[in-house]
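Have a look at these structures, which come just after this line.
First chain A sits with chain B, and in the next complex the same chain sits with chain C.
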Partner chain A sequence: MRRYLGRKLLIYGLTFFVAVTVNWMIPRFMPGDPVSSMLSRANVAQPAAVEAMRAHYTAMFGFDLPLWRQYLNFWGALLQGDLGISIWLFPTPVSDVIVRAVPYTLGLLIPSILLSWFAGNRFGAFAARRKWLDNTVLPFGYVLTATPYMWLAILLAWALGIVAGVFPVAGAYGFDLRPSWSWTFIGSLAQHWFLPFASLFLVAFGGWAIGMRNMIIYELEADYVNYLRALGAPARLVRRYAFRNAILPQVTGLALQLGVLVAGALVTEIVFSYPGLGHLILQAIQNQDFFLLQGTFLFIVIGVLIANFVIDVAYVLVDPRTRTGMGGAA
Partner chain B sequence: MALKVTDLRVYYRTLRGEVKALDGVTFSVADGEIMGLAGESGSGKSTLAKSLIRLDGRMRHAGGTVELDGEAMPLSDDDAMDEFRFRKVSLIPQYSMSALNPTRKIGKMVGELLESRGERPDRAELERRLELVGLSKDVLDRYPIELSGGMKQRVVMVISTLLNPSLLIADEVTSALDVSSQKAVATTLLGFRDRGLVTSMMVVTHDISLVYQIADTIMVMYAGRLAEKAPADVLVNAPRHPYTMQLISALPEVGVRYEDRRLTGIPGNPPSLLKPPGGCRFRDRCPLAFDRCAEQPPFAEVAPGHFVACWKAE
Partner chain C sequence: MRNEALHFALRNRKLVVGTVVILVFLVAGLVGPLMFDYGPNEYVGPPMAPPSGEFWLGTTTFGQDVFAQFLYGLRATFLVGALGGVLAAAVGMVVGFVAGYRGGWIDELLNMLTNIVLVLPALVVLLIVNAYLGVRSIGVQALFIGLTSWPWAARAIRAQTFSLRSREFVDLARLSGVRTPKIILREIAPNMSSYLFLTFILLFGSAILIAASLDFIGLGPTDSVSLGLMLNNAARWSALQLGLWWWFIPPGAGITAIVGALYVMNVGLDEVFNPKLREM
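What follows is the complex of A and B.
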């Protein structure tokens, strides 16, 4: 077990290093210059003052150093937990900007990932045994899972937000409210949360339901099921065993899908102007904000890696076969 | 009489029509009898074995009756058959290596299976049975993947016989094993009967030389029908059906080289069971065939306990 975890940690460490390096490179190789955009925002007319400010900002963000130095300084600061200062929201530190956005993204992601996984698997297993459901609802699942997140999001916003007028289509809470622990605020929060959540949930739900339905049908043909049936085991026991075995590939699938879901959440946030990380990324790119972009990506990389690690450990717990394969000890 | 099968017909539904894999077989197995069931691939031996415990989705019970200890078995009623399964008729499947749920410890799986059938799991008895087949009680705390193929097979043999069934069907249990494991399995099967854990047994195989070691009687099937049933000695040494004769003479011998003596086979192929020809189904390949073979010969008793379906055997 320790060797297995050690190997996994090494792989995760390597992935982390490569991902962070790429994150550092992407904004720097984008066309455009963040300092000039800051200067143009400052709206200073005197050329001498502009030059002084340019020199000040360039030195402050360390853009005057050679690239390799910038890279080393970046790692040095990162290891001390310093993500730099946002250019877009100057002079707020990037970590503060991210901390403000994270609850919104997690509030969308965690419920939609877990609920769609849970409900999709249950429904798929149920539909596998009901011919009429299999023929009516599952084809709809194929449509759902093939739908791009943002397209479904736009569709939902149009149908339920604009035409029906049931849900608001932008923001995380009403424009006339300030964050507080009042029922009005929480109600508004939930109302604004529903559509982005629904669009993420529905797409993922379709995928899980189809996967589970196929796995259950496969498992019900397996030898151990035939043996149990030959010994007269009731359908209840057989279904329980089949579900337990069919869920294993779905756990792996969850690890694989995580990145896709995170990306989907980012795009969905942009559609609904939801103030999470996706919204931040868009703003960071538009404002040439290297540090914010780096910081947001870093946060996403860490999140996906941690989630994958948790799934790895969970898989070891649910599938005994991986345990014996790890140390060779039976 | 433990098992009495009368004119049993089981057909497979296919897109091109019904395949008459089991087309009217009548025989019986006595209390305490170990019957070997031999035949080539496609002869219907596995279909017969499966029919007696569980028809799969493609199989249809087209006629005939089966009685076990005087009780009629409702072959086509899957729910009603549950009462017989495990308690009165049990199966050691062909796929013993993969017959155990991979994500349950063996002891737990057996407990859950017994409870689901309304039986009280008896740990001490289970351990005693494992000991009989040479397994330690530790296997109950293991997952199937932790056991070797031979161990898994022995575990399955123990589980299948746990409720002391009247009839145990062993379907090609030795086919995938090396000779020493084959011997161990054969001895274990014999032990089950001798200790009274199972009353009668049906050992399905294509290996006549192996089943000869343990069987009291051997029944040979051909193209969905019975060819011959006789005490093991008689069937091997003095067969009366031309198919059995050729089948026995086609067995390879150790020490004979191909250059010295060619291994003889039976020329031709079995008929298609989609639209089987009338009369004796072996007649196209039979060296003794004559006019009367166009008529189906009865499975008649030519000597005590010796049944043959051939006009020439009388």
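What follows is the complex of A and C.
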């Protein structure tokens, strides 16, 4: 078990290293000069201001130093939590901007991922090999899992928000409120949270249900199932065994899907102008705020790596083979 | 054998329905734009007109024909899916075959690489790359998508190769002095061709979805129309608030139909190739 988790940690460490290096390399090795392209995009007219900005950016990137020195400085700044200054919200440090947005993204992502995973797996296992359910409901699952996240978000916002007027369609709380611990504020927060959550939940739910349904069908053909049936075991017991075996690939699948789920949350936030990381990314792109964009990238990578590790630990808990060193999948 | 597969293929409802949907959209994308004597972004009609006999899917806030945009957008969607899918499948196959067949330290190394790219969230990496490099064409977009979405395919192909490489016919080929690339191409790949095809279909679908997300965020190609860009424009020019449902429903429905049909086709094919899964 220790070997298994140790190996995983090594991979995650390397991934983080690669992510940071890519983050460092892209502005430096892309065609053209990042400083002058940033200046031209900033659209500043006064020559004095342009010169000041040029000096500022050059110092920020540290272009006058040798490459290896620039690279080490980059790491040094990163380890102190210094991700640069946001241009969009000048002069707020990028890390502050991100820390303010992260709770909203997590508040959407964690419930929608966990609930869709549990509900989807239950439902998929239930539908497998039950003819009418399989034939009527699962095509619907395929449609859901093929739906682009932002489109379902747009549809829900339009149907329930604008046409029916039941839910608000922008922001994380009413424009007339300030964050506080009052019931009105929490109520408003929940109201604004529901639609983005629902659209994330629905798309992911379809995927898990179909995955589980297919897994159960594989499992119900396995030798141990035939053996149990030959012994006359009740169908419920057989299904429970199949479920336990089929859930393992779904745990691995959760780790594989994380990137897609995060991407889904980002575009959903954009649809609802929900002030999480997706909203930051949009602002960063529209305002050419590259420090903010890069900082958000690193933050998301770190989050995904941590989530992966949590899933690995969970995998050890549900699959006894990894504990005894017998290998097992993953 | 061929006939048996064909027999089941034609009788598999999922496969037939999926293929028909894909073909309908493909033909619409190929032939449809020829119906118009104007481009997808030209201002041809009254602004914000609902669907009518003249403009089947209405017009945008600027008076662009939504139906024309949709048909042109289909081309972009299929193109990015095909190019991205082919590229991802190619990289995945090379990595998977080499890692699975060679084993040893090459396997370790490729496995490490695969795992690293696998954990990195593809869309977020693409955001950074596209924002800095400024992707302006569908080809470049597909290139980047292909280069980031191959890892799970490589992993699956590696596992399959691993189980095939110790079979007798592969040993025989090796003993007769056949060179490694030829063994992989002649002995191993044909034995998992159905599997490779299924992998490609899934990569095709995921490339379409990733491209749509990128377009929607505003990092799509600037020289063309795509279904994702239509969604982006609709959201940016507040089609929702103005109630222009004919602007944002068709592009999303198109993507959903194409990707959904690909998935359903995938399951159908799986049932055709794998007798155990056929409905009894």
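In the analysis below, the second predicted complex is superposed on the first by the 270 of 330 C-alpha atoms of A that agree within 3 Å, B and C clash if a C-alpha of one lies under 4 Å from a C-alpha of the other, contacts with A are read in each partner's own complex, and residues count from 1 in each chain.
By our rule, a residue touches a chain if its C-beta (ideal position, glycine included) is under 8 Å from a C-beta of that chain, and two chains touch if they have at least 3 such contacts.
None of the values given here were measured: they were computed from a predicted structure.
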Are chain B and chain C a fit on chain A, or do they clash, once the structures share the same frame?
-> fit
Once the shared chain is lined up, is A:72 touching chain B (first), chain C (second), both, or neither of them?
-> neither
Determine, under the contact definition given at the top, whether A:15 touches first (chain B), second (chain C), both, or neither.
-> second
Scan A:155 for contacts with chain B and chain C and give back first, second, both or neither.
-> second
Mind working out whether A:230 is in touch with chain B, chain C, both or neither, as first, second, both or neither?
-> first
Is A:25 contacted by the first partner chain B, the second partner chain C, both or neither?
-> neither
Looking at the overlay, does A:55 come into contact with chain B only (first), chain C only (second), both, or neither?
-> neither
Chain A residues in contact: does chain B have more, or chain C?
-> C
What's the minimum Cα gap, in whole angstrom, linking chain B and chain C in the superposed view?
-> 8
Residues of chain A touching chain C in their complex?
-> 11-12, 14-15, 18-19, 22-23, 26-27, 30-31, 34, 139, 142-143, 145-152, 154-155, 157-158, 161-163, 169, 210, 214, 217-218, 221, 256, 258-260, 262-263, 266-267, 270-271, 281-282, 284-286, 290, 293-294, 297, 300-301, 304-305, 308
Which bits of chain B are touching chain A when the two form their complex?
-> 53-54, 56, 81-87, 90-91, 93, 95, 98-105, 112-113, 116-117, 142-143, 145-146, 156, 159-160
As the complex stands, chain C meets chain A at residues 112, 115-116, 118-125, 127-129, 131-133, 152, 205, 209-210, 212-213, 216-219, 228, 231, 234-235, 240-241, 243, 245, 248-249, 251-253, 255-260, 262-264, 267, 276-277
Where on chain A is chain B touching in the complex?
-> 222-224, 226-234, 236-237, 241, 244-245, 248, 318-321, 324, 330
